[in-house]
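After this come two complexes, each holding chain A, first together with chain B and then together with chain C.
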Partner chain A sequence: MLRAYSALVYLFLYGPIALIVLFSFNSGLSAADFQGFSLRWYARVAGNSLMLDALRTSLTVAFSSAALATIMGTMAALALQRVKGPVRVIFDGLTYIAIMVPGIVIGIATLIALVTTFDAANAVLAEIWPTDTPPQLHMGYGSIIAAHTLFSMALVVVIVRARIAGMDRSLIEASMDLYADPWATFRQVTLPQLAPAILAGFLLCFTFSFDDFVIAFFVAGPLNTLPIYVFSSIRRGVTPEINAIGTAIMMFSLVMLFGAQLLLRRKSVQGKT
Partner chain B sequence: MGVTSWTEPKAAAAARSASAPADVEFRSVTKRFGPVVAVDDISFEIPRGSFHSFLGPSGCGKTTSLRLIAGFEQPDAGEVAIGGRSMVGVPAYRRPVNMVFQHYALFPHMNVADNVGYGLRQARPKLDRAEIDKRVAETLELVRLPKMGARRTWELSGGQQQRVALARALVNRPTVLLLDEPLAALDRKLRRDMQIELQNLQRDVGITFILVTHDQEEALSMSDTIAIMRDGRIVQFGTPQLLYDAPVNRYVADFVGESNFLAGKVTATHTNGASITLSNGLALKARWSAAGEHLSVGEDGVIAVRPEVIGLWPVGRASADLDLRRQGQVRNRIYLGDHTEFSVHVPELGELMVRLPKSDPLAMSLQPGDMAEIGWRADQALALRAT
Partner chain C sequence: MTATAQTIATPAVTERRQSGRWLTALLLAPSAVWFFVLLILPLAVVLVYSVGVRAPAGGYQAAFTLDNYLNLPARWAAFKNTLTLAPLGTLICLLAGYPLAYFLAVKSSARWRVMLLILVIVPFWTSFLIRTYAWIFILGGRGIPALLDAMGMGDVRLINTPFSVMCGIVYAYLPLMVFPIYVSLEKLDKRLLEASEDLGAGPFATFRQITLPLSAPGIITGCMLVFILLMGEYLIPQMLGGGKVFFIGNALVDLFLQSLNWPYGSAVAMALVIIMLVTVSLYLRATAATGGRRDASLI
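Moving on to the complex of A and B:
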C-alpha cells in the first residue's frame, strides 16, 4: 500500500520531467506523439540567437552572483565564528530567514526597494549632474546579480560555517605554533581546509541563480535570462525546442549539484584524519 | 635508612638548576577562564636541557600551563619567560617553542614532508628549497621515518603520526619542545617504546622537553623534574625520586606510586616524626617526609606506607626489629610477573596492599584465605598532611 503510494508520488513528480526529456528527442513537432529519435531540436536550439543571448545573460548573472556570494558568504561565516551571544542569534536567524523566504517575496521586495531607490537617486543625479544627460540607474545586470547574491550568500554562510565547525581547531594552533602568523595560517591551513565547502557553495549558488525564474522575473528589467526566455516562449506553445532547452538546463544543474555534493562529502571523509 | 639520604635528591636537583640557566620561567603566573582559576599564581624554573613533566588529574591546570608557554593563552597576571626573554605580548608564532599536540594536529591536506617542513617554510627571509628538503629528510631519519615524506598523513599508523608530529616540531630546533599528552592515544606497548625513544631523542638533541601527562608512570620514567599540580597550583616540584621518597602530603604520595594510607590525628611529635592515632585508638609512629611539612599535635594526618616496604611473613615468623606487627588474612592475590600484590585484611588497620618480589618464596605459596603476619619499621612509614 505504502509502496504503491510512494510509487505514485514519484510518478507524478518525475513523470512529466521524463516526458520532457523524451520529447526533446522527438523527430516530429508534436508534443504528444513520439515519432522517432532525433537531435534536430538540439541543433535548432544551438542556432537560436535569442536563446543564446539569454543563455549568455544567465551564465554571466550566475557566475557573477555565485562569485560574489561565495566571497561574501565565506567572509561572513569566518567572521561569525567569533561572534557570540544575542548578536550571533540574530545573525543566524537572519541567515536562515534569507533561505526560507519564498523567491517571490525576495523578488517583489527587491523590486520595490530598487525602484524606490533608483527613482530617488535618479532625481538627485539629474539635479547635480553638470551636463544635460545624467546617468540613469535602472534594472539590469546590477539588480539581478544583487538579488541573487543576497539569497545565495545565506547558502554559502550555512555550508561554510558547518565546515568551520567541523574543523579541528588545533590545526590553526599548530600552524601558529609553527611560526605562521594569522594571515599565513589562513592562507595555508584555513583556506585549504574550507576549499571543498567554498567550492560546493559556489556550485550551489551558480545552479540556483542559473535556474531561478521568480526573482529574475521581477528584477531583470529588460534582460532575458534563460528561464525568462523559456517562460515567454512557452506562451507561444510548447515546442520540442523548449523541451530540449529544459533537458539541457536540467542536465547542467544536476551535474553541478552532484559536483557540490561530492565535494561536501569528500571533505567529511578527509576531516576525520 | 638514615634521614640524610632522603635529602640527597633535592640537593642534586638544586645543584643542577644552579649550573644551568632557566629555559622556562613562570613568575607569579595566573590565568582565569571566567570564574575558574586555571593557573593560580605559580612560579617555577625549568633548567635548560632538562625533561620536565606537569603531572596531575584533568582540570589541574597542567595543559593551561603548557598553553601559556606556547602562547595560545596569555596570563592574566605575572609573566612567562623563555630562554631568559619575557614573553609578555609575544604571540605564539614568534615564540621559540614548538608543540606536539595530543591528537597530533597534522595538516590533512599536506603529505608528511610538507607537514614536517611547514615551520621552515614560514622563515623570513625564505630558506632554500634544498635546505628545507635536507633538514626535513634528516629529521624524518631522526624519528625513524626515513623515505616516508611522500606519504599522506592519514595512511600512517598512530605511532607513525606521532613521529611525524615530533619531527614537525623538532625540525625547527626550538628552545623548548612542548608535549601535550602525546602518548595518550597509543597502545601500551607502543607507548612504552615511544617513552624510551622520546628520552633518547631528548638526550640527543639536548633541548628542553616539557611534557603534560596524567600518567604518573610516564612522568616518573621520563622526567628529570616533575611538577605535581592540583587546582591550578603546584603541590610539589622535584625529581621523580624526591616525589616518590619524600612527598609533601598525601595528595602527592597518592599520585606518585601507590601507598597505603591510615588516617588519624597527630597525638605526639618529635624531631624525626610523629605519632598518629587512628580512630580505633591505635597509635602508629612514622617519620616526617624530608620535603613535607611538620604537623602539630591535634592536626589531621595520615601514615603513608608504600606496598613494598610492608613485610609479609607466615604467622609468627616476622622479624623482631619491626615497630608494628599484626596478623591478617590474605584476601586477594594479583600476579604481576616480576612481583605479586597481596591485599591483606588486618583487623585494626583495614585492607592493606603488600607487594612481594618474585624472589620471595611466599610470593607464590601464599593463597587467598591464608593467615599471615605483616609489619613495617616506623622509619619506613611517612607522617603526612592529610590533604
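Moving on to the complex of A and C:
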C-alpha cells in the first residue's frame, strides 16, 4: 500500500511535466485537441526573436552572476575556516539572512535602494560632468547580476564550507611536512579536493539565476530575462508555444542539475599537475 | 595556519601569521562589500522608508511616522490568506510527503533508493515558473475543464480558486518536505523497530513511540523550509489565484509597482520579515528542544 501511494506521488510529481512535454509536440491547439505529433511550436519558438533576446539576456546574467558568486563565495569559505569570533559570527549571520529573506523582499529592497542611489548619483553626475550628456546610471544587467550574485554567493559559501569541513586534513599536513609552501599546498592539494564542490556550486548558481523570476522582475529595468518573458506571455494567454519553451527550459535545467549532482557525488578528483 | 604556528613564535612564524591575517581580510573583502551594498544597505533603506510618507507623485518622501505600520490592517486580507494558506500548505505537504519519505528511507530496496530520491529532488531544481504554468495548463480552460466539457460534464471552473493555489503549492514544495524527513528517517536504527515489534508493540504503537519522535528533527526542518518559502510566495497565487487568492507577496508587488506607495509597501515588507524572524527563532528553539540537527541541504 505504501508502495502504491509512493507511485502515486511520483505520478503527481511527473505527470504535469510529462503533459507539458507531450503537448509541446501536439499539432492541435488545446489539451482536448490532440491532433498528432508535430514540431510546429518548436519551429515557432526558434523564430521568435523576443524570446531569443530574453534567452541571451538570461544566459549572460546567469553565467556572470554564477562566476562572480563562485569566486567570491569560495574565497569567503576559504577565509572563514581560518577565522573565529565576531567576524565569523557576522558572516554566518549574513549568509543565513541572504538565504532566508524571501526573494520578493530582496527584490524590492534592492530596487528602492538602487533607484534612490542612482537618482542621487545621476544628479551629481549631471552637476559635475563637463559636457551636456552625462552618463546615466540605470537598472539593467548590472543590477540583476549583482542581486543574483548575493543569493548565489551565500549558496556557494554553504556548499564549499561543507566540503572543507569534510576534507582530509592529513593531506594538507603531509604537503606542509614535505616543504610545499602554502600556495603550492593550496594549488596542488586543497583546490583539487574542493573542485567538485566549487563546480557544483557554479552549476547550482547558474540554475538559480536562470530560473529566478521574482528578483529579476524588480531589478531588471527595461531588460527581459527568459522567466520574465515567459511570465508575460502566460499573462497574455496560454499558447502551445509556451509548452515548447517550457520543455526546452526544463531539459536545460535537468542537464545543469545532473552535472551538479555528479560532481558533488564524486569523492575526489585526481590532481593532474 | 596549523597548530604548530602557535607553539613556537619565531620571527618567521610571526611574519607568516601577519601575512595570513592580510590574506584572510583580502579573501573576505569582496563578499563583505557585496553583503553590505546588496543586503544590509537595501534592508536598511526599507526600514527607513517604512517610517516615511508617500510622495505626491509616488515613491518616498522623508518623514518619521508610524502610520504605515498602524495601517497594516488595511491589507489584512493578504496577511490572512498568507497566514492561513501557508500553514495549511505546509501541513498538506507534511501529510503527503511523510509516507513517501518513510517508504524511501525504510521500505525501498537499497538498489533503487538513490535513484528514487534524486527523482524527488529533481523537480525542485527545474523551472519553478514552468511547473506552476503546468497547473494553469491542466486546470485552465483548455485542460481538465475542456476534457470534461468534451465528455459532456458541463462547465467546471478549477483555476483561480484556493484549490488551484493549493495544487501549485503542494506541487512546488513537496520535494522540500520529503528530503529532510528522509534524511532523519534514514539515520533511524532499524533494530529499534524490530525491538519494538519483539516487545509486542503493534505497527501503530511502534510508529507513534519510535519512528515519529526520532524523525521529529526532519519534520521540523521540512515544515520550516516550506513554511518560510510559502510566506514569501508570489508566483503561485499570482498565476493560479488570478487576483482572487493573493498573498503578502502579491500585495507587495501591487504596492511597489502599481500604486507606487513605497513607504507603506516597506512597512508591509518589514512586517513580513518580522513574522518570519519570529517563526525562525521559534523553530530554532523547537529544534534545540528535540536535540535535532538541521539537515537543510538539498544536494
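In this section, the second predicted complex is superposed on the first by the 248 of 273 C-alpha atoms of A that agree within 3 Å, B and C clash if a C-alpha of one lies under 4 Å from a C-alpha of the other, contacts with A are read in each partner's own complex, and residues count from 1 in each chain.
Everything that follows uses one rule, which is that a contact is a pair of C-beta atoms (placed from the backbone, for glycine too) under 8 Å apart; a residue touches a chain by one contact, two chains touch by 3 or more.
Just so it is clear, the structure is predicted and the values come from calculations on it, not from any experiment.
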Worksheet item: Which partner does A:193 reach: the first (chain B), the second (chain C), both, or neither?
Response: first
Item to complete: Classify the contacts of A:174 with the two partner chains as first (chain B alone), second (chain C alone), both, or neither.
Response: first
Discussion item. Quick one: is A:184 in contact with chain B, with chain C, with both, or with neither? Answer first, second, both or neither.
Written reply: first
Worksheet entry | Contacts of A:112 with chain B and chain C, given as first, second, both or neither | second
Worksheet item: If you stack the two complexes on chain A, which partner ends up touching A:75: first (chain B), second (chain C), both, or neither?
Response: second
Worksheet, complete the sentence: The chain contacting more residues of chain A, comparing chain B with chain C, is C
Worksheet item: Is A:137 contacted by the first partner chain B, the second partner chain C, both or neither?
Response: neither
Practice prompt. Scan A:2 for contacts with chain B and chain C and give back first, second, both or neither.
Written response: second
Discussion item. Show me the chain A residues, by the header's touch rule, that chain B contacts in one structure and chain C contacts in the other.
Written reply: 173, 176, 182
Worksheet entry | chain C residues within the chain A interface of the complex | 1-2, 20, 23-25, 27-28, 30-32, 34-35, 37-43, 45-46, 49, 60, 96-97, 99-100, 102-104, 107-108, 116, 118-120, 122-123, 125-131, 133-138, 140-144, 146-147, 149-150, 171, 174-175, 228-229, 231-232, 234-235, 239, 249, 252-253, 256-257, 262, 265-266, 269, 272-273, 276, 280, 297, 299
Worksheet item: Once bound in the complex, which stretches of chain B touch chain A?
Response: 70-72, 91-94, 97-99, 101-103, 105-109, 118-119, 122-123, 153-154, 168-169, 172
Worksheet item: Okay, in this complex, where on chain A does chain B touch?
Response: 168, 170-171, 173-182, 184-185, 188-189, 192-193, 270-271, 273
Worksheet item: In their complex, what parts of chain A are in touch with chain C?
Response: 2-3, 5-6, 9-10, 12-14, 16-17, 19-20, 23, 29-33, 71-73, 75-76, 78-80, 82-83, 87, 91, 94, 97-98, 100-106, 108-114, 116, 146-147, 149-150, 153, 157-159, 162, 173, 176, 182, 200, 204, 207, 211, 213-214, 217-218, 227, 230-231, 234, 238, 242-243, 246, 249-250, 253-254, 257, 260-261, 264
